[in-house]
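Following: one structure in structure tokens, then a few remarks.
Letters A, B, C, D and E mark the chains in the order given here, with residues in each chain numbered from 1 onward.
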Amino acid sequence: MMPAGYATSEGGALLVIAVMLPIVGMIAIFALGLRRAERIAFIILPGGLFIALAIAAEVARTGAAVTYVLGGWQPPLGIALQADGLSATLMVLTALILCAVGLFARGTFSTPPDMSEARRPMVFWTLMLGLWSALNTVFLGQDLFNLFVALELLTFSAVPLVCLDGRRETVQAALRYLLFALIGSVFYLLGAALLYGAYGTLDMAGLRLQAHYNPATSVALGLMIVGLMAKAALFPLHLWLPPAHAGAPAAASAVLSALVVKAPFFLILRLWFDVAPQPGNQLAAQMLAWLGIFSIVFCSIIALRQVRLKLMIAYSTVAQIGYLFLVFPLVMASDAPSAWQSIGWTGGVLQLVSHALAKASMFLAAGLIAEALGHDRIDNLNGAVTAVPISVAAFGLAGLSLMGLPPSGGFVAKLMLLTAATETANWWIVAAILVGGILAASYVFRVLGRAMAAPKIGFKTLAHIPLYRELVVLGLAISAVVLGFVPLQPFAFLGIGRVGLP
Amino acid sequence: MMDSGLLLVATLAFPLAMVVACLHPAFYARILTWLPLAAVPGLLAALFERGDSIVIAPAPLRLTLALDEVGAMLLGGASLLWGAAGFYASISMCGRPGAGRFAIWWLLTLTGSLGVFIVADMTSFYLVFSLASLAAYGLVSFEGTARAQRAGFVYMALALLGEALILLGFVMLVTAAPGGNPLIRDAVAMLPDSPLESPAVLLLILGFGLKMGLLPLHVWMPLAHPVAPVPASAVLSGVIVKAGVIGLIRFLPLEVPSPDWGMALVGLGLITAFYGVLVGLTQSHAKTILAYSTVSQMGVVAAIIGGGMTTGAPHTAVLAAFYALHHLLVKGALFLGVGIAGATGRRHYVSFVLIPMALLSLSLAGLPFTSGALAKLATKPLFGDGVSALLASLSAAGSTMLMLHFLGRLQLLANDDHEGIPQRPLMLVWAVVAGASFIVPWALFANVSGYALADAIQPDALWAASWPILLGATLTLITTRFISRMPTVPEGDIIVVLDKLAPLVMRIGSGIDRTDEVLRRWPVASIGLLSLAIAFGTVLQFGR
Amino acid sequence: MTLLPDLALVLLILTAAVWTVAVRDRRDAVIGFIVVGLLLSLAWVRLNAVDVALTEAAIGGGATGLLLLRACARLVPRPAESVLPHPAMWILTGLLCSVIAAGLAAIVVMPVEPPATLAPEAAANMGELGLGNPVTVVLLAYRALDTLLEKVVLVLALIGVWTLTPEQFWGGAPASLRAQQSSGALRLLAQVLPPVGVVIGVYLVWNGADHPGGTFQGGTVLAAMWLLVMMADLREPPEIRLHTLRLLVILGPVVFLVAGFAGFWIANGFLSYPPAFAKPIIVIVEAALALSIAVILGMLVAGPAARAPR
Amino acid sequence: MILVDMFTMAAVGAGMFFFLAGTVGLLRFPDTLSRLHALTKADNLGFGFIVLGLLPQSPDVLSGLKLVVVWLLVQLAAATAGQLIAQFVGLERRRDPAA
Amino acid sequence: MIGTATVYGLCASGLVAIGLYGLVLHPTPLRKVIAFNLLGSGTFVLFGVAARRGGAAGFLADPVPQAMVITGIVVAFASTALAVALLLRLQETGASSIETTPPEQQDNGAS
């Protein structure tokens, strides 16, 4: 039978707390909400950040994955949570972005003094916390069905955020998002059913030991990966993303674009490297990369042609997601001793992290610009720089990362991917990365050029934006830039707890 | 004299610190006043620093600065021009709306453009190179007119293309060298053994050539340089294009004889040199003519580097840098001079403007006793004795014609106010740059070229320098009428062809929009989903 | 020969499913779906999964059916529901769907030998807990995390539905569930049935520890009773701002969480139970969950608030 | 024992007959009210016979009681449903006498 | 030899196909939701087939997939509830399908 692969390690309880703390907060707000939504959220946010950091520290200290076996029931019968270097990184990223977004949203989602409870704050904060728990579960889960529940949790938190303002477009976008995500979920679940039928386990470690090429495995992985692609909005399955991410309030868009679409990608990564039979299937990896290439080129061009700022940023998200899918053939063709030591892997993860920071900052900046100007039509952004100078600067800095220009995390990520692609002679990927960079620069500069132009006569700022909100946005952008100073080589931390590949 | 490397660090850190200080409104309001100081550390570094790499951040980052002879020459010249132009700007831009914004772009561009001369590792080079390229967009498009916007757009598009080419070239270089971020010289040393040598060299030539304005990637230059305010034009045309020169010098394996690449570069350079002259002759704006002259002169520099590369001549880098330094100072002075000319009335035109400008102009063509003559003399051996040497001399004749044409158009700029004289500080600054353009090359000549100063005033040398000018002057006399009747080639010449493509591009764009609209329809996207799932499952099962 | 009833049932299910998709009128489609749900619960019995059969009947057919019927009633009638798309489109879609079905079928007809199963492990560990129903053990012990998270999903779904409340109605009550016209028979039923129903619901929960049944099934029955009372106009849906309502909604998750965290002290870790108290703890958790499920299900069917709070 | 089984078979057979008849009626009768009539007949008689037939088979009294409870509940629900449908039909007729 | 489980496995495949077809082609959201539920049922039955085949150790069917299905059914119900609430709200705002209007026509309200 299965070897006893999991043992609760010291500090494992942190994982449980990482998953449960936001839920406790969410329940508390739901039950006692009445004016306290924000206050409760602001207890949970730093707490969660602290937990995430503690987990990362524990992973770094022990040099091994942190594990918790729930109820002591050994997988595959029971469920285990495990944080390796990659999950710990993503959890810290999630915590950071959520804290930043929380600070940003403080002003906009507080309960008005004359009401006992208002809809927007109550809903916003509970959903945010639900989303956090879902993300942490996605990053920690080791059981494919447990991950299904986590994905659903994520969808249920994300969809209502889209239609918070109740306008027709956003309700429409939310429904589309929900329905398409549901197809993705069902595909994922179908695959899980097939895998269970074939191997009698849904535990990843168990599957890794048993999985071999047979029709059940192929069809299951095909369904699951494509289902997850639909949730990650990879071209041509991006129909739901632009309206949803553009329609949500800025704070929600930031989280949706920065984190929520990354969760399904993370699962694809895990399915591919931790579950699929090894050695991997080159042709399938190429297929994933080609979809990535199309995403990059096609959606960047569309982003360039958008009229509204938030739609532009949303399309840019689809394009940037494309970069992540380039990782598969690059890692597989690399001659590094294990996938985790290849430059392509590191580049992919760095792209994920830096895009998350940059995109969060960009959406928040766009939100502030729209608040100050009362609209977000790119052609009319003149004067934004006088109204919200720091936000425009943050937009530019975040843009640096999207364009892949130094110094920025995006640059290092793209440089690593480019190096990996050159080393493995994947010239189409090389071309896509370069073209994508040029297109991204074009759409970012188009906005910057407008925003920095002199204001028109009669220009006036509609709303005064408190300084701290602008500083939050700037902080996110700066962290994306600071990532550009990481060394250009695989990081040992990202390989901790990963199983070596042949 | 100073603690080793401190000045080099300050070269980059000081202007950046000024940018950061702009966050303080009080400083931001007076930023223009401080503009001239930004380049001072760079100038001091060029004068007093010499030596090996200073590692600012240790491995694995390896942010490394170094200043060799080539770097010092160009850094000194560039800092001087930045300082002088900064002073000019602090007066001429004073009180204009958006001056603060201008200053920030200025400082960023300055940092990048000085940085390319002193960084020694690949990543930092790319960083400062991009900074110089992209921040210059702010200077190009500053005026905000339709013309400036178009120029800015073209500039940006091509700069980004150049960035992409260079990045890929770098990646190919780095894949040959071990470690994440090698020093430039290590990477270049490994290049001849790399299987990717040819594509890497090609990409680097294209990328840096674009920055220098080599045909056919020069189209941005005649658009971008003239539209900026005068001091910005001076540094754009004087300094920024040298980022391409230093790129070629640093990244091409010049010490290894490679006749194929060398001849190709010579050919490209000379063609560019003549092309710049020919198109420049049809232009009517003084600043545009100067921009075309830059295209032409950078062609000559490329040819010099190519000539050296053919034989693997040992001093190619230094000689090319020397020529570049000459052009840097002279072109800077010429652009500033255009500003001076605009402020001078008829009365003082000849003495204040025409004579100095004529000397400067003909210096570009190699007028004896000017820096141009020295530069041409020093680089002559690289061309050998064959056709390319003759063509190089003929290009000087071309330059003569172009510069005479420039002088002719310049007087149209003279101030309506008959008595007008430019502000005294502006005159002074201009005089400093113009003076430096004469003196500095003389000071360096013996050191750089291996000739004695006396060699430069031998009759042979004088004749070699003079005949192209005489030829050019004669040709100008003959063709004046003809040229004045020639139709004006639009600025940016072949960009016009691309303009014709604009509707096509728009059509493709809206085609993509429509495709996206179709793809985002529910049934289409879900059919895509089903097909993908089937395809993916099939590939997983059978595609091994 | 022994397969004949199964084949017939499958045929019925598929026919009803095709009808559900193909029929023009949307109310017919909903009814078709309910029929499929009921037939499926028979199928689950045939698959030896009685717990699932009960869940399917209660939630799959019952609650979902009610939800859809209510939606039907509130949607503006539209003349033609199923405009047939372009032939190329439906042929292509049909083809792709068939290929996917064929792929699944191909895998299904080639079962692995020996069958992949966790039943032995599940059985081996059951003794510790003293419960007789293996499904309940899986749900509340082995995979308690899934169950806990799924409760959170329900709460989030409720928040999601409430998100759609128009601003001015926040805190108010959902639209009445009352039928178009009051009916004495319905009133009678709503007065007679609930006591019995509540007993049955409680029985299902209680029984679930050892026999088929459990939280969901019981909770759904309770929800059905509440909905019946609301539909018969004996009670209005409660205002969503009500403190009691909120507390009832979170009661289950909170008790579950408390039991889970208590495991840190009284057993060896989160969601583990000390063997001696496993059964009582699980039954208490189940009871609390059933109550919450009943309330959540009821409120989910009732929908977002549609009246200003009083 | 045999006798008990035979009783069961007979009763269940009768129940199935009524169900069949009810189903035919549901499909063949012209209007809602007569269909309803067929349906309630099937429910009452068919289901009643089946429960009756199964009663002797129950292993203990509790199971038998459960069967009876099920039967009662179905009766109650069917009766109410029949009422509601009839009422609805009446409503429709009053609104549109032609139908 | 085809067993009971296999028959229901084929039933599951059929339900998946039928559900997918409806989900792809039905223009109105409500019908999509119904189709989604059929699709989900098919998926659950597939788990049921695995459960039935895995009956061992005194259990007629493997309890683990059964528990998963129960969880799955509840999640599907929650999805349906949310979708229904959304589509009712969508009708209140005056739209009837989820095909979006081109972005240019959208108003500029953004927060």
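The criterion applied here is as follows: a residue touches a chain if its C-beta (ideal position, glycine included) is under 8 Å from a C-beta of that chain, and two chains touch if they have at least 3 such contacts.
Keep in mind that what you see is a predicted model, and the values were worked out from it rather than measured.
Trainee: Could you tell me the least number of steps, going only between chains that touch, from chain B to chain E?
Mentor: Minimum number of steps from chain B to chain E: 1.
Trainee: In this assembly, which chains make contact with chain A and also with chain C?
Mentor: Touching chain A and chain C alike, sorted by label: B, E.
Trainee: Provide the labels of all chains in contact with chain A and in contact with chain B.
Mentor: The shared contacts of chain A and chain B, listed by label, come to C, E.
Trainee: Using only Cα atoms to place each chain's centre, name the chain farthest from chain B.
Mentor: Most remote chain from chain B, centroid-wise, comes out as D.
Trainee: Using the touch rule from the top, work out which pair, B-C or C-E, shares more C-beta pairs.
Mentor: The comparison resolves to C-E.
Trainee: Of the chains shown, whose Cα centre falls closest to the middle of all protein Cα atoms?
Mentor: Centroid comparison flags A as closest.
Trainee: Report the inter-chain centroid distance for chain C and chain E in whole angstrom, where each centroid is the mean of the CA atoms.
Mentor: Result: the chain centres lie 13 Å from each other.
Trainee: Chain D to chain E: how many Å between their CA centres?
Mentor: It comes to 32 Å between the two C-alpha centres.
Trainee: Would you mind pulling out the distance in Å between where the CA atoms of chain A average out and where those of chain E do?
Mentor: Once rounded, the distance between the two centres reads 25 Å.
Trainee: Indicate the whole-number Å distance between the mean C-alpha point of chain C and the mean C-alpha point of chain D.
Mentor: About 26 Å separates the centre of chain C from that of chain D.
Trainee: Going by the touch rule set out above, which residues of chain B reach two or more other chains?
Mentor: Only 520-523, 526-527, 530, 533-534, 537 qualify.
Trainee: Find every residue in chain A that makes contact with two or more other chains and list them.
Mentor: Only 77, 145, 149, 152, 156, 159-160, 163, 166, 171, 176, 183, 190, 194, 196-197, 200, 215, 219, 242 qualify.
Trainee: Please set out, as single numbers or ranges, the residues of chain D touching at least two other chains.
Mentor: none
Trainee: Applying that definition of touch, give me each pair of chains that meets it.
Mentor: A-B, A-C, A-E, B-C, B-E, C-D, C-E
Trainee: Touching residues of chain C toward chain A in the complex: what are they?
Mentor: Against chain A, the touching part of chain C is residues 103-104, 106-108, 110-112, 115-118, 121-122, 125, 141-146, 149-150, 152-153, 155-157, 159-160, 162-167, 170-171, 241, 246-247, 249-250, 253-254, 257, 260-261, 263-264, 267-273.
Trainee: Per the contact definition, I'd like the list of chain D residues that touch chain C in the complex.
Mentor: Chain D residues touching chain C: 69, 73, 76-77, 79-80, 83-84, 87, 91.
Trainee: Sort out for me which residues of chain A touch chain B in the complex.
Mentor: Contact set of chain A toward chain B: 176, 180, 183, 187, 213, 215, 217-219, 221-223, 225-227, 229-230, 236-239, 242, 276, 281-284, 287, 291, 298, 301-302, 304-305, 385, 405-407, 415, 418-419, 422-423, 430, 434-435, 437-438, 441-442, 445, 449, 452-454, 485, 487-489.
Trainee: Considering the complex alone, what residue numbers of chain C touch chain B?
Mentor: 85, 89, 92-93, 96-97, 99-100, 103
Trainee: Which bits of chain B are touching chain C when the two form their complex?
Mentor: Where chain B meets chain C, its residues are 523, 527, 530-531, 533-534, 537.
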